[in-house]
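Across the two complexes that follow, subunit A remains constant while its partner is subunit B and subsequently subunit C.
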Partner chain A sequence: MFAQLIASGLVNGSVYALVALGMTVLYRSTTIVNFCHGEFFMLGAFAVLIPLQTFGFSYAESIVFSLIFLFLVGGAVEKILMRPLQHAPHISLAMMTIALSYLFKGVSRFFFGREFKPLQPLIQGRPIEIGSVILLPQDLLTVGFSLLIVVGFFFFFQKTQTGKVIQAASQTPRGASLVGINVPMLRNLMWGVGATLGAVAGILIAPTTLVYPDMGAHMLVQAFAAMTLGGFGSLPGAVIGALSLGMLENLIGGYLSSSLVEITSYLAIIAVLIVRPQGIMGEWRQGRG
Partner chain B sequence: MKKSLFVAGLIIAATALSAPLTSSAETGITKDTIHIGMYGPITGSTSVGSLPLFGAAAIYKSVNDAGGINGRKIKLSIEDAACDPNKAISAIKKLVSQDKVFMIHGGWCSGTVMAIKPELARNPTMPFMDLAAASSDISTPVSANIFQPVATTVTVTKTMLDFALSKPGTKRIAIISHSDEWAKSHLTPLLAYMKAHGMTPVESVRLEHGSTDATSQLLKIRAAKPDMVMAILYPPELTLYLRGAYKYGIKAPTITTQGVSIEDMVHRVGNPDATKNLYVFYPLDARMDDPKFKKWIDIYRKYYPKEPVETLSIMGMTGALAVVHALKNAGPDLTREKVIDQLNTLKDFNPGIQSGPLTFTPKVHAGITSGKMIYWPKDHPVIISAYPVTKN
Partner chain C sequence: MDEPNMTTTLAAPARGSARRIGLLVLLALLCLLPLAINDYLQFVTNTMLVYCLVAVGLNVVMGYLGQLAFASAAFFGIGAYAAGLSMVYMGLSFPVAMVIGTACGGLAGALVGLPALRVRGYYLAIITLAFGELMRWVYVHADTVTFGSGGFNVPAITFFNAHIGDKGKYYLFLATVVIGVGATSLLLRSRFGRAFVAVRNNELAAASLGINVNRTKVIAFAWSGLITGLAGALYAALNGRVTPDTFGISQMLMHFAIVMIGGLGSLAGSIIGAVLLTGLPELLRNFPGLEEIVFSLLLILVLFLMPKGVGGFLAGHIPWLRERLYREGKDA
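Right after this comes the complex of A and B.
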């Protein structure tokens, strides 16, 4: 049972990691805590479902559509709603993302309020037994794809010139502007990338959880817990925190009580903030540059 | 002068006498309308519960199209409670205080009905017809104005356990459930009935509403090696459980409540192997494709053509028909008291929708006391009373 709990925890944690990574990317580049990230997650799943079931797109075409659509949504949110508030206090920015969260949820409830749509797995197939561990092909795809994205992001931010420029611009936006870097464009790009990461997570988990307007709320809490656990603002921290949280939930549910599974993320947030506020990876950004 | 006083006296007397005749004093009643408030989960993750609401509303609309009741048309005000007790309280306060309805017909989630019971107690003359919420606590102990025209959780869980025990050799029963009011209303009578049979669950795990993973729960159930699993879950979490049970090779049949429809679950899970051993409490008298239901399905489709037709779609109709019956028999001088009196004398009322006749007395407001099970072995649903012996 232990091995299965760990393996399934890693599968869930992979999805949490993508959501947390999207939020972290945005936080690092804009210092905004995006409360509507769960809705990017939800919209990504719906943006696959609608063309697939309504317009007759193939699965691959629907996924491409979803990723492009969410990239544009992210960019549009930044340009139309967040950029005018760029000099406003943090609380105003946070309130805007909260309002957006309710707006996106409300709009999707309006159109799909009574719908709880099933989405077929990206890979069909019977369960695969690896020793005492059972996984679905979809589980392996989720872990593999998440790993690919995480590695890709690390490579991008650590090894490429553009990645370094983005990091530099996020740390000292005024300085970056003075040397000719287009900071607003980079922020816009990061909103698009963050939203797309949310969509990827939504697409990967939707075949398991079904697609419905409220699916993002739960995931947002998990992502916050993962970020807190790993270290708010740290890219590796978000991933490590997410994987740890996935495993922790399963171990607590398996060995203590299934009633505690849903509160594991809250317990993690409280415990980390008391014991080690900077989280596992120890990064803690102060204020806005 | 005397003549004027006499005429004035006649007018006053005539006014006083005519007032009761038109019942204009009764809340929610006008010369032309009977105002009924309805509520249910129209949005949210349990919005499948809107289907019985639409079924009941379709009955009221068809009654209007047929001429109404004793010269009055039914006016509906429908509120969305989204299975949220707080929203239900707000909805009821609006219906009672602002809309000033004559009576209320609503409630799919038991938690929302339990939440509004204090408000109903503050309006003890206002009739309340439960839509499809099954908690036995709704009608027990009896409240004078609350009527429950569906199988209660006592009936449901008794039927579920009897069904489980009808499979030879069943000794080990596991339970997976939510921890909310609705789940507790099933767990309490289920555990009591199991105790009466000298049984305790071999495993009992909780899966919260909104969960995205059930691994730890599934592994615990698998480790317990149950003969049967009682799943007291809403449709989304039951989907999660059934998919997971298939993944982890849990072969024990799953028995669940009337909170889900078999058609919906087969569609949602999307894997026939994962749903072929799912048995759902079935509140109706026949399969949905039975000709006897055509009349009701036609009514439903006429008023809600875009809504899916499922078991739940006609589940709320019996209560609406009982209300219509009581309103008719209460006569043109309609009062809430008369409607409650009529409902209290409803005996063997059977429009042929639910699994048994509906009977209310002043001491019993839980009107349905029987039910069956339904499953989907291959390509269509089958209604059964005992576990099918050919299956393993």
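Right after this comes the complex of A and C.
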């Protein structure tokens, strides 16, 4: 049972990792904690569901549509709403993301009410047995995709020229713009990327959780917990925190009580912040200027 | 603004008498209001009164102490549960239950103030948000006491054995709000309130002036919990029913939005924010989705046009509305 709990914990954790990674990328490049990230997640799932079930697109086409759509939404949010406020106090920026969260939730509720929509799995198939662990093909796909994206991200940020430029821009925005890096453009790009990451997570988890306007709120808290656990703003921290959270939830649910699963993330947040506020990997801070 | 670099604007006290007369006229009008409106509008007005207290309570911590604390939905819930349950189990009358709800809110506030001594900024926001969700879990799972996820009905409120309707509640609520807001205003002008603002502007400087920063923070949190707990007790009486789902993250975000729209560190702003944001969704209740859309557009509009909130905007244009210790925008 232990192996099974760990394995399905990793499946959940890898989805949390994608959401937390998206929030961390945004936090690092803009120092904004994005309260509407859960809604990007929800919109990503709806943007697959609508073309697929209403307009008869194929699954692959719908996914491509959803990713492009969310990239554009993220970019538009930055350009129209966040950029005019870039010199406003942090608390106003947080308020803006909260307002956006209401807006997106309102729009999806306007069209779908309080319905719960099912979405078919990406791949069908019989459960796969590996030793004592049984996983669905969809689970393996989720883990595989998440792994691919996480590894891709680290490679991109550490090894490529563009990745290093983005790192520079988020470490010292002013210094970066002095050496000719287009910081606003990169911020715009990172909003797009963050939203797309949210969408990927939404698409991967939608077949197991159903699609509904409020699906983002819970995921937002999980991502907060993962980020806090791993170290706020640290990219590896977000991933490690997310995977630990996924496993922790399952172990607590399996060995103690299933009613404790929903508060694991809250308990983790409270315990970490009181005992080790910088998290597992240590927090990340933007440099001066 | 005439004093651009000052973080704290001290209003000239000479306009005090004009303001006092204005307030009395407003109060008299408010006392006559139930004669002019129907039962439904009365209910909406009562809700507005409850949220006035909530906003003032949260503003003490966010606007005056300058801490990003997201626990006011938890205090609100604790007040509602404590007041409601003490009426159910002990058969207490509402005024006594109200005192119990207020006291429990204050205790919870002091408790949440403790981590705030160590954790700040977004971390404080997240840890307090987690506390709120934890409380909601307790309401659901401590079902032998709290009646679980379905919640419970609060006994009807009576006054000398006579049933009190919404119009009666209005006068009770109005009196409570006047006392609560008045007491907060007095506290903010006292040594304690000035200490809140000093800690907000610069903790080190405040400490060097002999202010006990830790004690000041706990006091501000306790007061915030007290006022919000009182609001929770009123809320229980208003709806006659208490359910765990009411006190979730969306409730918290609503409180945050009210304070931000009204303006940090402006009591008048908090009241304006509460009236606006409680009234508006009520008008659109029958259009699913539209409620959130209009609500969010209003938030966006205020953020763009009035960066200091409606309260700050009015204070900038109408001098006699300026409050003492008014908070100029400062990064959180």
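The criterion applied here is as follows: the second predicted complex is superposed on the first by the 283 of 289 C-alpha atoms of A that agree within 3 Å, B and C clash if a C-alpha of one lies under 4 Å from a C-alpha of the other, contacts with A are read in each partner's own complex, and residues count from 1 in each chain.
In this text, a contact is a pair of C-beta atoms (placed from the backbone, for glycine too) under 8 Å apart; a residue touches a chain by one contact, two chains touch by 3 or more.
Fair warning: this is a prediction, and the values are worked out from it, not measured in the lab.
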Handout entry: First, second, both or neither for A:Gly144, with subunit B first and subunit C second
Key = neither
Practice task
Considering only touches as defined above, state whether A:Gly175 meets subunit B (first), subunit C (second), both or neither.
Solution key: neither
Practice task
Considering only the touch criterion stated at the top, classify A:Phe232 as touching first (subunit B), second (subunit C), both, or neither.
Solution key: second
Exercise for the section: Check the residue A:Glu262 against both partner chains and state whether it touches subunit B (first), subunit C (second), both, or neither. Expected result: both
Handout entry: Touched partner set for A:Met1, first subunit B, second subunit C, both or neither
Key = first
Practice task
Could you look at A:Met219 and tell me whether it touches subunit B, subunit C, both or neither (first, second, both, neither)?
Solution key: first
Problem - Touching partner for A:Ser108 - first (subunit B), second (subunit C), both, neither - result: second
Practice task
Mind working out whether A:Ala88 is in touch with subunit B, subunit C, both or neither, as first, second, both or neither?
Solution key: second
Fill in the blank from the handout: The intersection of the subunit A residues contacting subunit B with those contacting subunit C is 109, 113-114, 217, 259, 262
Exercise for the section: Write out the stretch or stretches of subunit B touching subunit A in their complex. Expected result: 42-45, 47-48, 50, 179, 205-208, 210-213, 215-217, 219-220, 223, 235-236, 239-240, 243, 246-249, 267-270
Practice task
Provide the residue numbers of subunit C that touch subunit A in the complex, in ascending order.
Solution key: 68, 115, 118-119, 122-123, 125-127, 129-131, 133-134, 137, 141, 249-250, 253, 256-257, 260, 264, 288-297, 299-300, 303-304, 307, 329-332
Handout entry: Residue ranges of subunit A in contact with subunit B within the complex
Key = 1, 4-5, 8-9, 12, 109, 113-114, 116, 118, 120, 127, 134, 136, 205, 208-210, 212-215, 217-219, 249-254, 257-259, 261-262
Exercise for the section: Mind listing the subunit A positions that touch subunit C in their complex? Expected result: 33, 35, 81, 84-85, 88-92, 94-96, 98-103, 105-111, 113-114, 217, 221, 224-225, 228, 232, 259, 262-263, 265-267, 269-270, 273-274, 277
